[in-house]
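The two complexes that follow have chain A in common; it is paired with chain B in the first and with chain C in the second.
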Partner chain A sequence: MNIVSDLRKAIKELLADKKIDLFIGWEKGSLPLSATPLFITSEDEADRAVFDITCGNNLSIYFTKDRKQFADKKVGIAVKGCDARSVVLNILEKQIDRENVVIVGVPCHGVLDKKKVLAKTDGREVLELTDNGDTVTVIGKGYELSFDRSEILSSSCLACIYPDAQEYDMFVGEPRAEVPNENRLKEIKEFEALSTSERWAHTREEYEKCIRCYACRNVCPSCYCNVCFVDQNDPGWIGNTCEFTDSIIFHVIRNLHVAGRCVECGACARACPMDINLLLLNRKVAWEVKDRFGDIAGLDINGKPAMVDFREDEKQDFIMG
Partner chain B sequence: MNMVRLDKQKFDDFIRELSAEYSVYAPGKVGGKTEFIPVEPGDETDFTSPVTDMSPKGIFFPPAEVLFEYDEDGVRAAETSHRPIAVWGMRSCDARSLVMLDRVFGSAIQMPDDERFQDPYWKEKYDSSLIFGFACNEPLSTCFCNWFGGGPHNRGGMDVFVVDAGNVYLMEPVSDKGIEIIGKLSCLTDAAEEDEALAAKLASDAESMMTASPDTDGLGERLTALYDEPIWEEISAKCVNCGACTFSCPTCHCFDVQDEGRGKKGKRVRIWDSCMFPIFTMEASGHNPRVLSRERVRQRVMHKYSYYPENYEEVLCTGCGRCVMVCPVNLDIREVLKKIIAYNEQVI
Partner chain C sequence: MSEWQPKILAILCNWCSYAGADLAGVSRMQYPPNIRVVRVPCSGRVDPLFIMKSLQSGFDGVLISGCHPGDCHYISGNYVARRKFAVLKPLLEFIGIEPDRVQFSWISAGEGERFATVVTKVTEDIRKLGPSTKLVKKL
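So, the complex of A and B:
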């Protein structure tokens, strides 16, 4: 079977049957390493839809953009496993009505991290990328390189256990349930093993790079406050310079605002123009939530998000000491 | 004055000589990304990519700049006595961007001689600066400087034009300041005739690598005509309104002024701002005239290709391609402009 042609067929059927007004997918981008979001309203446009290793964007951000721009529309959306969890989370948090969205799962084998590709090419520009399955080939001026797919995948994908949607209306291909992954907690455990001063040094080194562009926040489907605390100036909650002391406050607050809500899609880290490892702290907090409250954000459409749930048997050692 | 040459082995001597008078900046790596940083003789520079990740605007217009400080004893102007700045390795696109910014910060077109409209913080750094501009021998696929009157070997905004010619740098003074410094530096030798021929060949080779430009004539007027058209909806649909494009852009120069006070002392800081942010146009009443994404995207495009050229007869874009590279949703400004041009031809 061909994933892309089946996806296009599914979109066309949804439009033809008037089950949706609009479909959000990806199309080939203007650069070889990035696909780009595509909004499809006609069957012709469906032929532009693609799905491959470059489709890193979590498209569920568009539900909450511009104060819920699609609130009165039936919307179809293509989702990877992580994206599906964002859609579910948005449904649980009452940002989307379940009956207004048609979730179309696509089988995900990980998306690329541009900075890992550029590390492979020593910073030389990539003009063409071919996904051969287990390997990926990139071509630029005067070079051609092939490497294992795993070497250029986003670190979120390397730790992923739900590559496919667990909640969907249609699935292109065969969806997988939970996939065991021995690297699930590798990065987190490595971080935890560091001394306090080493963790601080690492955090400082990463967040010092921040230029406060908020690309991380704006590509995050869990960051949809009508007015973000950094966009308030009366009172101004935090300083707006790129000094570490200002930037870290923004990141730590964002980190805690998405506690129990981060689906670990890695969109923040891939969007960062300064290549900050934004995922580590978010995943660390996600793991804390799982460990203490047993909740994985956006996994169970019938569940209650950790932040609005209370159970007598949940761990309270952080309160009781 | 003719071209001179600098043997690359004498590069440290060159930086040393220059450092006697100037604080020297060159592209270097900070946290894995390239930006213009102060360098000393022997420091490593990084020319992997012709386009540094961060533009050089921050040298003259820092991301956060203290304007003055105050405490119980009164108000003190921020320290402004810098050594003059020399920048090495600034590409053609970036050198041009400084000329564009200087029109705004250096004066106001309405009253060019009125010092009330001259930004002392900018002028103090830029007016005394010395720009060693670099020719681009291998433009990237994202480069489009040729769309708006630039070119990989363009000399605009430079004091000295530098061509990387293998083992040597060939230098050609462009401004009076450039002639003066070339005359002063002892590590330079006269270039040979074949050097000039090589520079000319590198220039024509680089130009041939550029992609063809669409017809950008009268773009500003065409944009004005499209102000209320629904095309902005389509263009802005994927934009997430982050500031990656504006902060990486060498010509975006909007800023916010904030007072950071604690107790009886504090400071006033000028901070880069972005028209992509909702608070950018938030008014004291609580009304926001640009509440939707499309209004903010339209503003950015209009400012660059319509409002600024209306004042200065040149677009506020050098075609460096940084916004194309950093956009997290691949909203490519080249595609936006092509769409606008095509739409315009169809509608009007």
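So, the complex of A and C:
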């Protein structure tokens, strides 16, 4: 509880001292499973801010997707580890000035995946959710269920190694540096151990589900082109159908567009209405970038995003000898 | 019906590989006629989307070639291209596309012979794999 009160105190101070014009955080949502983004300009409103397991939204998307609102404003933003990396990327990509943003880190212990909760309740409506630390209790009409926190965490959080912001101006509590996580590469290694045809069968099964609603793209903090390549119609590179090859090309190219920029926040996977395992490809690309170029997206505020940089002596094992 | 022949798209950079192909031609070197050449200003111009799109349109394989590292006409185009391909190739393999379908090489303007060897090798690799069906759009 003290995290929430400390966060509110920090927001009040920032707004009272006129260090920021606007604060972006989370407030209790009208539905119990998801917090709502909160925009406040005066310190009296600071008590609306919350932070808990339901605060999944990566708030940095407002810097790029709603940028008019933030022109010439000093903005404070509450960030989890992944969100902080998105903010750093936005700064590196010149979407927002470092001086105009006050990064307020909050200690993150993972956010929930609504789909996993609803699977537990057999789709019955959840009216109340209580986070008890290691366990989570949900209450609905005529039932009460309690389960392990790890059972409902977003799959991105289960493999997270940077739960807390590495670049921040203020931190509520004690920030943790890199946290080792044995699940980090587990899924990729397991998938790579399959044969080519098994991998293809899995890809087909997953991406045939895609309905091309573009929720993954719209919620992605790294996807902010004014005109996305799938919306272009002159030249129309890619068909706007749910046909499998169109879908897989969309996803592969989107993954490459966010290569070296994906912070693995898992927003895409949580937003996907068809429950496609989008993170598998994202993780593979992020790992490939880390392995080959030594870059982790959004960690180094003085660095350069991996795909606009190069070194002359990189390994080129994939090029014919 | 004659025997199936692979159809391969070769995307060549204007300054090195295209001139290499030219040299192979004027030197009367023999190489398989399975490639269709697209000339681009630089290997850095090659968007991974081109590769995906050509596989979707029915090409059995794609060969991309540019100047050797350090020889780029635009100084660093091929270094940037190399990073893109370094991520694309493992990703395609990861989702279950045969790795030999998409190949990359560096060929300079003086390496006509090498061009013929590369095209021969790529054609043979793709012939072994058979027709590409995985990413072809069927409507």
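Keep in mind that, in the parts below, the second predicted complex is superposed on the first by the 312 of 321 C-alpha atoms of A that agree within 3 Å, B and C clash if a C-alpha of one lies under 4 Å from a C-alpha of the other, contacts with A are read in each partner's own complex, and residues count from 1 in each chain.
In this section, contacts are C-beta pairs under 8 Å (C-beta built on N, C-alpha and C of every residue); 3 or more make two chains touch, one makes a residue touch a chain.
Since the structure is predicted, the reported quantities are computational estimates derived from the model, not experimental observations.
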{"item": "Superposition on chain A - do chain B and chain C clash or fit", "value": "fit"}
{"item": "Partner chain in contact with A:Ala201 - chain B first, chain C second, else both or neither", "value": "second"}
{"item": "Chain B versus chain C as contact partner of A:Pro273, first or second or both or neither", "value": "first"}
{"item": "Chain A-centred angle between chain C and chain B, computed on Cα centres after superposition, in steps of 10 °", "value": "90"}
{"item": "Contacts of A:Glu243 with chain B and chain C, given as first, second, both or neither", "value": "both"}
{"item": "Partner chain in contact with A:Ile61 - chain B first, chain C second, else both or neither", "value": "first"}
{"item": "First, second, both or neither for A:Ala259, with chain B first and chain C second", "value": "second"}
{"item": "Which superposed partner A:Asn100 touches (first chain B, second chain C, both, neither)", "value": "neither"}
{"item": "Partner chain(s) touched by A:Ala215 [first = chain B, second = chain C, both, neither]", "value": "first"}
{"item": "Where chain B and chain C come nearest after superposition, their Cα distance in Å", "value": "9"}
{"item": "Overlapping contact positions on chain A, where the chain C interface meets the chain B interface", "value": "239, 243"}
{"item": "Of chain A, residues touching chain B in the complex", "value": "29-31, 34-37, 39, 57, 61-62, 65-66, 115, 122-125, 127, 141, 205, 208-209, 211-215, 217-219, 227, 231-233, 236, 239-243, 267, 270-271, 273-275"}
{"item": "Parts of chain C lying in touch with chain A, wherever the complex brings them together", "value": "48-49, 52-53, 56, 69-70, 76, 79-80, 82-98, 103-106, 118, 121-122, 134-137, 139"}
{"item": "Residue ranges of chain B touching chain A (in the complex, touch as defined)", "value": "30-33, 48-49, 53-54, 63-64, 138, 140-142, 237-238, 240-244, 246-248, 256, 258, 260, 269, 271, 274, 277-279, 282, 292-293, 324-326, 328-332, 334-335"}
{"item": "Footprint of chain C on chain A - complex, ascending", "value": "191-192, 196-203, 229, 237-239, 243, 245-246, 248-249, 252-253, 255-256, 259-260, 281, 284-285, 288-289, 292-293, 306-312, 314, 316, 318-320"}
